[in-house]
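What follows is a pair of complexes built around subunit A, which joins subunit B in one and subunit C in the other.
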Partner chain A sequence: MGKFLYFLTYYKKSLLTLLLILIFVWSLFSVQWNADLLHPGGGVTTKQIFQALLAPDLSPEILILALESTWITLVYAVAGMSIAIILAFFFGILASGVLSTSRFNLFAVSGFFRGILGFTRAIHELVWAWLFVAAIGLSPFAAVFALGIPYGGILGKIFADMLNDIPEEPIKALETAGASKLQTLLYGYLPLVRANIISYVMYRFECSVRSSAIMSFVGLGGLGYQIQLSLSDLQYDEVWTFLFFLIALVVLIDAWSNLLRKRMVL
Partner chain B sequence: MSESIIKMNNIAKHFERKIALSSLSFIINKGEHIALIGPSGAGKSTLLNILAGITNADSGEYLLDGKSIVNYQKRNIRSRKIGVIRQQFDLIASLPVIQNVLAGKLGEWGFFKSLISLLFPIEKETAARALNQVGLLDKMYEQTSRLSGGEQQRVALARLLVQNPEVILADEPVASLDPARAEDILSLMTELVKDKKQTLIVSLHSVEYAKKYFSRIIALRDGEIFFDLPSEHVTDSLLANLYALKGEAKDG
Partner chain C sequence: MKKTLSYPKKKRSFTFVTFSVLSVFCLLAASWGYIFIAENASFFGLFTEENYLFAKKFLSSLAGIGDNDPAFTNKESWIHALKLTYETLQMSVMAAGFATVTALLTVIPADRNVADGTLTLSKRWYRWILFWIIRGIYVFSRAIPELVWAMVIVFILKPGILPGALALALHNFGILGKLFAEIIEDIDMKPIRNLASSGASNAQILFYGVIPAVMPKFLTYILYRWEVIMRTSIIVGFVGAGGLGQQFKLSMSFFNYTDITLILICYLILVAIADAISEGFRRAAR
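After this line comes the complex of A and B, so read on.
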């Protein structure tokens, strides 16, 4: 018995891996492996989609439409991120509790704001979009708020965690030099998280462009909306044109964020 | 007879059930330069933290300039009396040197003044004077993380010059520097405080530096004062006993 227990504890990780593999294999049996698994016309459609990939629609009207939609998508993303950054800045600082003076204060305030941040990011931006479209109709505000609120929740949480992870020596040193809580924020916490938070915001900005494209599926205009329209018309060549614009947008933002990061290396 | 600035009377401190300091008493006069030595775990850092007002003693009386330390709870009042320097982790690496130096003014500045200064440094001359004294005037706008360890410690020193407290406490300020840089910092430190008649209390690992740069040495062992003597009265046999491992003979 003792030997068996020893075996269990010693090989705990390997046993767990084995168990997970078995569960995966078992899950394969619940799939019905017959002809119904694939759509009968699927092969043809796949071929059409790949052919369109090689010959996207580059006619001037489509290019202009793609450019306009890309612009709308980018504008929604930028506006949404601006709201998110403002929310994250204030809520993140309050949620981190770095300004709290007493223990009770720390638990009450940071708990409350961490709760709010959790609530806003628990709901996906697409759901927020539905809610806002239902409430204020198909206006750009719906898209901007739907992006800004959950992204503010995510950014705020990361910001608060970064503030909490800062080494305490430099902050203590500022305090002994006579700095108040707010001054330690200005001269300690914020400069210390600056590089990390900027690089994370840039990554989130990239995500927000994709989200903004997806969100326009609910009818808010932008690349996603055009992709949806073209898909309904089975115009795969147009779909690819729009997708290439989306990819280009994401790649450009990534290049910009790399440029920024290089300049900020500590 | 010079007047006293620090009076410690039966100061004791426990961490959980371990005794960190047991009934320490000593008096320090204005302008004295004191080295605090002793084996690891003797309570040097705890004593410095109590002196700095960061930690409170469990019992005993600590008078700073004639008033109990509890009268110095407000940070910006305390910072005029006492300044602390540790190792170079004390600086904000991502800020320019000038901001790290001007941080010594935060106790005097309000929120908006410090916010403006972060964007457009005010009292540049104060910072320049301090940096000139530590020989780093040309690095004023450099990012602090680009400086070497010894240079960063000089920046920390410049911050203290700007803060200009009456008592300077240094907790192993040269622990992570090579011997040449360490001596450089210690001689600079003792020179600068001499000009302003500040009181200096430094904890050190090196007995050699303690004897060379300080006039009085307080040795701690197991939370008690092992000896408190002028540097020239510290003998090798005293030092051998101070650093002797437990179980080794304590006489001799």
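After this line comes the complex of A and C, so read on.
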């Protein structure tokens, strides 16, 4: 028995890898692997899609339309992120429990707010968008809230984790100097997590651009809406034009956040 | 000799950081301005009597009020939903598997330290070309959202689990590839150089030097991505790629609101289970 336990702990990682591979193999059995998976015209369509990739539609009207939808996508992403950051700031601080005074308070308050954050981020932003559109109609606010709520949940959780993970010596020093809870937050916790949280927010901003692009699938304007329309028209060359604009936007934001991360003192 | 005290002057130049802060404020102002002015959306216009009634009706039908046989008390709908949940689980595992396998196969040439020869102590002229090609493919597949991949793939494959899994895999292939490459670029080079200078072949370097060093981190990232895939699996279903999402879309079209509630319950359970499992595995892998 002891030998077996030793075996388990010694080969823990290899066993884990093996287990994961087995689970993957199990999942492969759910599909019946034969030619029936393909549409009758699937081969031809694949060829058309790849041909369109090499020759995207670059006519002026499509380019202008693409620029306009890119701007709308960016607008929804920025507006959604600003709501997410405000939500994350307050909920994150409350969920981390750095302001709580008593032990009971700590568990009750931080547990409650962690629960809320968990719920908001468990539901995907597109599902939120769908629910919002069903409830308040096709307003830009449906997109902004649908983006802001789940992203607020994710950012809030990360923010709370960062606040909990910082070394306690600086905080202890502030406390012995007579700082109140609010002062430890303002002069201890927040400056310590600032650089990390900015770099994470930038990463999330990149994700939010992608999300806001697909947000349009429920009927809110933007790049995804145009992609959907062009796909329904079987205009694959237009689809690729819009996709290239989306890729350019994502790469631009990625480059910006990389530069910023290098310049900021981490 | 007279000594003058000189204070270090604080640099006040136009840095990249100030530029970023300014552009963030410009973006914020432009975005909210656009929403309020160009799209003419008024926030308080949302709170009309009409919207209130719509929202109330929608929420009460989600809760099954006024429905004689809500789906979440019906045994058969539960069995159906659980079957779909099982399918979704399989789809997410398959997607994570495909993404991992493809990323692992391409990751070695996509590392900066392999391309410039510092890892293997050997240089080849074609390595930088390979590096840029593979990095380009990563960016490409990462920048396109999984929903768009799914929409394209259902044109080629029949609706079912496979197109969903492939769409999720294509998006996550780019992400995992980038993360894996960053891990390999960050590893401690000394053991590897030792192996290389004592005459190990490339395959030996890979199996005895690189893989043992990076495996735990790879496992962590795979599990983390699997969690995200689980969450997104409902989305690819919207365009007909199988699982819970497909049923969600159908129920939405049929206005079977209690069905939607049931699906959302199953989805939340699935996400919670995925979180717990991946957390457990990550603890074990550490």
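The rule we apply is simple: the second predicted complex is superposed on the first by the 235 of 266 C-alpha atoms of A that agree within 3 Å, B and C clash if a C-alpha of one lies under 4 Å from a C-alpha of the other, contacts with A are read in each partner's own complex, and residues count from 1 in each chain.
By definition in this document, a contact is a pair of C-beta atoms (placed from the backbone, for glycine too) under 8 Å apart; a residue touches a chain by one contact, two chains touch by 3 or more.
Everything numeric here is computed off the predicted structure, so don't read it as measured data.
If you count the residues of subunit A touched by subunit B and by subunit C, you find the higher number for C.
Touch criterion met: A:186 reaches subunit B, while subunit C stays clear of it.
With both structures placed on the common chain, the touch criterion links A:256 to subunit C but leaves subunit B unconnected. In the superposition on chain A, A:27 contacts subunit C only, with no contact to subunit B. In the superposition on chain A, no contact is made by A:229 with either subunit B or subunit C. In the superposed model, A:173 lies in contact with subunit B only, and not with subunit C.
Contact with subunit B, but none with subunit C, is seen for A:195 once the two complexes are overlaid on the shared chain. Residues 12-13, 16-17, 20, 23-24, 26-28, 30-31, 36-39, 42, 45-46, 49, 71, 74-76, 78-79, 82, 122-124, 126-127, 130, 134-137, 139-141, 144, 210-211, 213-214, 217, 224, 227-228, 231, 239, 243, 246-247, 250-251, 256, 259-260, 263-264 of subunit A are the ones touching subunit C in the complex.
Residue ranges of subunit C in contact with subunit A, taken from their complex: 15-17, 20, 27-28, 30-32, 34-35, 39, 41, 43, 46, 51, 54-55, 58-59, 87, 90-91, 93-94, 96-97, 100, 139-140, 142-145, 147-148, 151-152, 155-158, 160-162, 215-216, 219, 222, 231-232, 234-235, 238-239, 248, 252, 264, 267-268, 271-272, 281, 284-285. Remark: subunit B residues 52, 54, 75-76, 78-80, 82-84, 86, 89-95, 99, 103-104, 106-109, 111, 114-115, 118, 143, 145, 156, 159, 163 touch subunit A in the complex.
Here subunit A touches subunit B in the complex through residues 167, 169-170, 172-180, 182-183, 186-188, 191-192, 194-195, 266, going by the rule given at the top.
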